[in-house]
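We just call them A, B, C, D and E in the order they show up, numbering each chain from 1.
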Amino acid sequence: MLPFDDAPLSRDGKVLILAYDHGLEHGPVDFEGLPGSEDPARTFEAATHPAVTSIAVQKGPAEAYYPSYEDEVDLLMKLNGTSNLWMGEPDSAVNCSVEYAREVGASSVGFTVYGGSNHEIEMVEEFRDAHENAREHDMPVVMWSYPRGQGLKNDTKPSTISYASRLAHELGADVAKVKYPGSQEAMEHAVSVAGKTKVVMSGGSKTTDREFLQSVKAVIDAGGAGLAVGRNVWQREDPTRILDALEKVIFEEASVDAALEYAE
Amino acid sequence: MLPFDDAPLSRDGKVLILAYDHGLEHGPVDFEGLPGSEDPARTFEAATHPAVTSIAVQKGPAEAYYPSYEDEVDLLMKLNGTSNLWMGEPDSAVNCSVEYAREVGASSVGFTVYGGSNHEIEMVEEFRDAHENAREHDMPVVMWSYPRGQGLKNDTKPSTISYASRLAHELGADVAKVKYPGSQEAMEHAVSVAGKTKVVMSGGSKTTDREFLQSVKAVIDAGGAGLAVGRNVWQREDPTRILDALEKVIFEEASVDAALEYAE
Amino acid sequence: MLPFDDAPLSRDGKVLILAYDHGLEHGPVDFEGLPGSEDPARTFEAATHPAVTSIAVQKGPAEAYYPSYEDEVDLLMKLNGTSNLWMGEPDSAVNCSVEYAREVGASSVGFTVYGGSNHEIEMVEEFRDAHENAREHDMPVVMWSYPRGQGLKNDTKPSTISYASRLAHELGADVAKVKYPGSQEAMEHAVSVAGKTKVVMSGGSKTTDREFLQSVKAVIDAGGAGLAVGRNVWQREDPTRILDALEKVIFEEASVDAALEYAE
Amino acid sequence: MLPFDDAPLSRDGKVLILAYDHGLEHGPVDFEGLPGSEDPARTFEAATHPAVTSIAVQKGPAEAYYPSYEDEVDLLMKLNGTSNLWMGEPDSAVNCSVEYAREVGASSVGFTVYGGSNHEIEMVEEFRDAHENAREHDMPVVMWSYPRGQGLKNDTKPSTISYASRLAHELGADVAKVKYPGSQEAMEHAVSVAGKTKVVMSGGSKTTDREFLQSVKAVIDAGGAGLAVGRNVWQREDPTRILDALEKVIFEEASVDAALEYAE
Amino acid sequence: MLPFDDAPLSRDGKVLILAYDHGLEHGPVDFEGLPGSEDPARTFEAATHPAVTSIAVQKGPAEAYYPSYEDEVDLLMKLNGTSNLWMGEPDSAVNCSVEYAREVGASSVGFTVYGGSNHEIEMVEEFRDAHENAREHDMPVVMWSYPRGQGLKNDTKPSTISYASRLAHELGADVAKVKYPGSQEAMEHAVSVAGKTKVVMSGGSKTTDREFLQSVKAVIDAGGAGLAVGRNVWQREDPTRILDALEKVIFEEASVDAALEYAE
């Protein structure tokens, strides 16, 4: 494992990943509320904001747009993903190799594991290959750790989220991306059981500025390393404003009020 | 990703692929209306028309006939395909490697992905291998992006076609070959969500000259890059006439009337 | 693709494969009518007849008996096969590699594909590997193209046989071995849709000399390249007589009557 | 097979593995009784006790914590494991390669095989690869041999445990980790059928000092090589005390009373 | 294929394999009748008898005990096997590679194929790899050819045993190990359809000296090459006595009476 604070993925040990893989996972429906948001260039542009430590995209947008942004943006290549046209037991196709991610310029990689799915065994073995290939090049590995599948009723209860972050630690992830478990106390538990693995919150669907920043603040106060956010940034008319506020909360440990005021 | 305009597959950024893989996908029944159309040489001959940017065939016809046409025709090797003798959940056999396609002389490759099929995961992973092997040789990759399978009722509604073109973009295709979504407006959407990936219409079953050219014209007006056409060319007594007309519509942005008149 | 006429598998562009893989596919029951026919040496001996262009056997008989016949007989190694002890959806085990076939001395290879089986995808992908490995050594590839499986009611109707020969062509086979479709006209169609791929008839179960030669004559008159025959040769007391007659019909285009008279 | 007494895993032919893979197999629920026990560093610290011959952990804790303990602790990398979020027929994901285990500094490897599971075939083949890779580097192999699955009603009856230890021997394990079969006599049988493979008892869930030591004593008296223990050590407030007692019982063949007195 | 008479596995073209893989296939229950029989060393000791041409064991006993016997005993490594804890459609895990068998000192390899099982395809393909790897090192291959599975009611009727020996021949085995088909006449048929592949009888469960020797004598008189025997040797108090008798029957073609008298 790398000294995390030196990884391009982090700034002072904190993380703000701007995720833009929704065109694959959800389809163009996610772009409907905001014309223009389907253009990857717009989110790459947003990722030049100094608060953003990495952009997380799939192979296609990476190879098409990253060359124009490689001096200003750090690339985290998401290595697997699946359309929601398909509705079976949770699984995810490995659509990019670590080797190709490196060629496109990625400094770190992301990988989804659905613990509890009937495909858990296979996904964990695919994760192993990605992890060990990444280690050969000292690339940090972020696990999208989302328990999901036949055996799971509710995938955001605190014990499930804590298992998710521990799973990421046991399997060797540098960063565990987990759903928000509902309270700062529950997040503290998820962080404590993850050992040296950093825990970041998954942003989820769009909400108000205050609500969103409050959950981010709770994550930071719980000892979390930060955030992987998509829709709450790129579905906003002005991504810059919310990124300004996030910078305050995550990197300067400002209060939500102070952050909102600053970003007014 | 290659600068698309320089790829042999395109002419001034536009594309007219003459597809002739029906002997595998549909069987000899497609040749019944026109004796002689079962002879691959006839379609290779048609592909020497200057409007055609590439011929798309399977491995067998390519290795048997392409050597006689390699100076006049550009070859796009279709890497997978399946007979319709088989009737399971949509899937497609990878019947040609990228390496072998190169040996036969292909300048680009084509690959079907049935998003939404229970085999989506496997097909996307096979696509990844084809894509990354093709990239090593700077060969453009065309995805036949056809959502199909258990979870899908109707595979040509606009939102499905738009998801298909986005899927092709997310996974790294240079060109997305999609079904016509029924209107120019819907096609515009499919084009807009595909980012830098070019979108071409799949020709479909044979229709009248005017009807066919009108849909092609709508694709061009919608910002599409062109057409992959099979039966509407090689099932016609005189492929040259319709290719003349297509050249006008696609490369010279002529009206349907003008194109029909020219090709009279 | 090789110039077929130069392949060891053919003589003047015609083919007579003596097939002896029944011990695997059907079991010893096929030897019951004729004591001694279970001995591979007897069929290897028959294959020294000048009419036979190749013997087709599985790996075991090839490595055990071919060394004694390599100067007089050309070897086509059948690469897959299955016992009929097993009764699932049609499939076939790849029991010999191309590399090993070469070591044993084979000049060409044979491969069964059951189009329409639920295992079609897998078989076609195994065929791809065999085909591309064979191409590296300029070895012709013969496809036993037998549509069979859940989706198929009747596997010898003309349209199915024509699909079988086209399938072999689309996938790159040099020779398609198909069942006799019942008439010369149907065979002509199967030949015409196979492009440059040669079509040979599969001999089937033992019948009278005249009946058998009549179907062979129909194949030749239909433009077929010849025959792959097993039981109609090696289940006969005197294989030489029928081979004499076949030589007349296939290579000298004699009438059935003339051939029968010659072989009297 | 290595001379076992020279392996880092053993001390005078005896074994005390401190196992800490419960965060993966059971999840954070195992840490609830003792705050702080979720921290891998605490168990690595306990493993510096001279009674411990190796610590057994998964890849993640190994790469994150072992670098700080490599001078004081011997590492046994557990190569497979599965969360209990998943509830199918017993199986285990291979989440670490032998090669990577070596890079992290492991001197031996551990592997679970669920004999009797519908996944037995696959697990045994994965075990083969791990075993043969380990042999290339002279690393001892410990099999967690736990019969479990559809065909098994009760997995701790003596005949099942004896089959488990024999299975480990037949497949080439140096050490078989089995459940306690309920009596010293049954353990003797399990040891006798294991040939030169060493047998160690799996510690199981937490119990009283006396009860726990009595079962360990029975294992030693039965000819077992020792113990792989987790919760009965790291779930105790003071791991050192019980390790002191275990050292007496395992390495000095002391009575339970003497060991308890010593560790008072 | 090797000249069989020169293979270490045979003596004057005859074979007596002492098989001891029951600890894996049946479990320790097979050792219950005779304390001490669970110790592999006892059977390795028996294998030093001059009548024994090879011992057949799994990887574990081979690597643990063979080093002490390599000057006196010839090793046939059994490459696959399965516990009977598992009760699915017949299958067998490949638990040892040919490469590793060689390192341990094996001169030949053994492989089970359950013809007729739903896993026949997979097993035959695994057999291919083992066979071709063994051929690279001129190692003879013995197939345990046991038709078994869903489609088979009775696996010892003569036609099934004959299919079993032919299957072994077709797939390239040097020796077919089959069940006794009930009569000398049936065994003759099984031998005649196996071509140059040698046929040996599988010993089966323990019976009286006379009964056992009579079936062995019938095999030899039927032209069989000998025997692979386990329980009828190592479950006897004095393995030497029965081996003395077997030596007479197999290598000296003595009568059962003469053999029994000699071994008195």
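In this text, a residue touches a chain if its C-beta (ideal position, glycine included) is under 8 Å from a C-beta of that chain, and two chains touch if they have at least 3 such contacts.
Because the structure is predicted, anything quoted here is derived from the model rather than measured.
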Can you work out the whole-Å distance between the CA centroids of chain B and chain E? 58
Measuring centre to centre with CA averages, how many angstrom lie between chain A and chain D? 36
If a residue has to touch 2 or more other chains to count, which residues of chain A qualify? none
What graph shape do the protein chains here make by touch: line, ring, star, complete or other? ring
Listed round the ring from chain B, going first to chain C, the chains are B, C, E, D, A
Interface residues, chain E side, partner chain C - complex: 1, 115-118, 120-122, 124-125, 127-128, 131-132, 135, 147, 149-152, 159-160, 162-163, 166-173, 189, 192-193, 195-197
Over in the complex, which chain A residues touch chain B? Could you list them? 21, 23-24, 27-29, 31, 38-40, 58-61, 63-65, 81-83, 85-88, 91-97, 99-100, 103
